[in-house]
Amino acid sequence: MNIKSIIANRVAKEFKDGNLVNLGIGLPTLVANYIPEDIEVTLQSENGFVGIGPAPEQGKEDPNLVNAGAQPVTINSGAAFFDSSISFSIIRGGHLDFTVLGALQVDEKGNLANWIIPGKMVPGMGGAMDLVTGAKKVIIAMTHTAKGNIKILKECTLPLTAKGRVNMIVTEMGVMEVTDKGLLLKEKNPTFTVEEIQAQTEAELIISEDLKDMEI
Amino acid sequence: MNIKSIIANRVAKEFKDGNLVNLGIGLPTLVANYIPEDIEVTLQSENGFVGIGPAPEQGKEDPNLVNAGAQPVTINSGAAFFDSSISFSIIRGGHLDFTVLGALQVDEKGNLANWIIPGKMVPGMGGAMDLVTGAKKVIIAMTHTAKGNIKILKECTLPLTAKGRVNMIVTEMGVMEVTDKGLLLKEKNPTFTVEEIQAQTEAELIISEDLKDMEI
Amino acid sequence: MKKIKSVEEALSYIKPGMTIMVGGFLGVGSPEKLIDGIIEKNIGDLTLIANDTSFPGVNYGKLVEHKLVKKVYTSHIGTNPESGIQMHSGEMEIILTPQGTLVEQIRAGGAGLGGVITPTGIGTVVEEGKQKIEIDGKLYIVEKPLKADVALLRGAKVDKKGNVYYDHAARNFNPIMAMAAELVIVEADEIVEIGDINPNDVMTPHIFVNVIVQGGK
Amino acid sequence: MKKIKSVEEALSYIKPGMTIMVGGFLGVGSPEKLIDGIIEKNIGDLTLIANDTSFPGVNYGKLVEHKLVKKVYTSHIGTNPESGIQMHSGEMEIILTPQGTLVEQIRAGGAGLGGVITPTGIGTVVEEGKQKIEIDGKLYIVEKPLKADVALLRGAKVDKKGNVYYDHAARNFNPIMAMAAELVIVEADEIVEIGDINPNDVMTPHIFVNVIVQGGK
């Protein structure tokens, strides 16, 4: 598997039958392809529906049926549409079992920064702050570093998306859980040593006594 | 006309084409029968729709189509149903042109009491507090006195429904507007003298220079 | 994820002492079999959240008559004399709340809001003992969110996935309560196939619904 | 109460300096003819309230490109580079707001609430300079209601009375904005007869709609 597939595949293993999940734009969207077939997971689109299906065949796009990135999608049987106030009641009201997002920075206290680089890039938070504040569990799915820059820090330096809300970080190098004591490395990609992973991580990793290999 | 018809008929004259109106249970409900035919007035039912029509023929009742008093009604063409949160967004959001309610007491400051007689009768406020707080104009439609007891006071003694929100009081004796200076008698039933009306009213009436006769 | 269960199974989730929301307006749009089941099984000590306490002999009005309710959050008790009697005797605590505030409190509970900022009740006994807030020079009451252990709802059509469609004025509090309870049980006048309700017309998305029971005769 | 008007007539209600809400999500579910009309008539100095600033060349994204917007309340500008350029140059003021907060602020404006009590943004720059409130030991931001002079919406089907039915994900902010503006103009993909939309399925009741214009080709 390539890096993105490793990450997406691992994230999908967190889901349980009946879960409601929101997948962010980009890498997190790929997670949909790896959801085990024996469980039923409903995907929410924050622009106003539950039950996102795969992309439509070319020529079969419906201009009113797009995901939160304005890309054409389909719906699964039993889907339901609603307005933005209901959509964010789902998000903020604790009805999402998981939200999966990317990060510019994430730290050992569970802080996340993913919406602004002051002076450089100001896309806005969109629904990200609500998702991270409201979901039962927040998973960060991202490459471990960005062009060599370290992203998993002791403390985020960019403006935060939310404070202390991240539960888990999944990268191509491993799976880290945010605990009271810091980041617990629970699984690692067998092609890397713990030392190699730590070298790419500013936060000090606590190594699980039960450290497992990631499926790759 | 009988007393109730005089009141209902007069209230209906306040409405303009395109108005949205909520009529309370009891006497205010009768106002619907006097809305001039050349204007279109939409009636809201706070249990969740706009476009209340007249009562159905016997045997044609729909158990799911009732007014806020649980009495069977019909709907007019173009009616729309919604949930209670939308219904009260209409009420509280200033979208009602008029709310018409009864009163236990009303006073010269526009205070209203109509939901509780402590120790005796505690029906609850239902939607009344929201209606009186949210509507653009509040009209009290009631008999001038209740079994000889005076209801139009200098100051309400019962717990209030809302403070200073009443705009107009319509009784079988006359039409009073709540002004900064007190209650302005604008119209009177020609079968009563001003003195007779004042005798049944604790608040001191300001008599309009342009005092008119009520249609009876 | 089989959500369709017998009334008996559904009732097994409702325990004495729980807080329950019941959809409906004076009993219109309220689940019949679930309420009758609670009475039959004598599940008491309940906190009830409902628009009103209905009429004697009608739906959740019967819960009050059977003295199964210790506390009720409601906007109106005038149509059920038994409520007034139990209020005065101290058997039932009644938190009277303006109807619009009540629906917003339930919505806030389901939508993750910290409370409701409302002008309704200012200058009345409703504001007593409550936090107030001034915004741009105007005073408001801060009302707290309401949540429940279980919501008991009634739908006209419910598909096998749990999407709900309500009919006419039977909608009322049902879709709002569907968002504000740990467990949501919907009594369906009719259970339909998935897809029978147009996805545009779903009024309560299936994700809020945990249990479906067949209502009617 | 004839609500159906020409685009020209509808545009006459929109004046320079006004605050306008535009329904849609990245331009999906947004009125085309009304936006093009504003550009053609060069109605500027506008305050825009919209989920995002869309894409270059797409719907209300064009309002930004034509420099008709002096201030925008929005959750996302990343898809329209022109927004970032005008933000940095100071030509356009941008109030970035979490999307869920934005929709609740609009809802509060329409529903007569004094504000929104939300945990979203606590511990971030979003809380800066804003009133905060503690409820049951938890800290929340108090966000103010938003209202507009005019809301520009798009419906799939609109009946001649003004009842609106939206299609799929084109619903988004439209029904919420319908409640929060002094004047509501809906551009209809299709204008239908009264009664053609089932009263149960109306998504924006006619009472909120002032003007209907025919959209499409």
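Note that the chains take the letters A, B, C and D in the order they are written out, and that residue 1 is the start of every chain.
Operating definition for what follows: a contact is a pair of C-beta atoms (placed from the backbone, for glycine too) under 8 Å apart; a residue touches a chain by one contact, two chains touch by 3 or more.
Because the structure is a prediction, the values reported are computed rather than measured.
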Minimum number of chain-to-chain contact steps, chain A to chain B: 2
Touching chain A and also chain D, the following chains: C
Mean-CA-position distance for chain D and chain C (Å): 32
Chain centre separation (chain A, chain C; CA means) in Å: 35
CA centroid of chain B to CA centroid of chain C, Å: 29
Numbers and ranges of chain D residues touching at least 2 other chains: 104, 107, 111-113, 118-119, 167-168, 171, 199-200
Per-residue overlap in chain B, given as positions that touch at least 2 other chains: 49, 81-82, 85, 88, 91-92, 133-134
Pairwise chain contacts under the document criterion: A-C, A-D, B-C, B-D, C-D
Residues of chain C touching chain B in the complex: 25-29, 51-52, 55, 74-79, 84, 87, 94, 96, 98-101, 103-104, 107, 118-126, 156, 167-176, 203
Touching residues on chain A, where the partner in the complex is chain C: 17-18, 20, 40, 42, 44, 49-51, 75, 77-82, 85-86, 88-95, 133-134
Complex contact set, residues of chain A against chain D: 45-49, 62-66, 68-70, 81-85, 87-88, 91-92, 121-130, 133-134, 159-164
Residues on chain C engaged by chain D in the complex (per definition of touch): 104, 108, 111-119, 131, 133, 135-136, 138, 140, 142, 144, 165-168, 171, 199-201
Complex interface listing, chain C residues touching chain A: 1, 107, 109-113, 159, 161, 163, 179-180, 194-195, 199-200, 202, 205-208
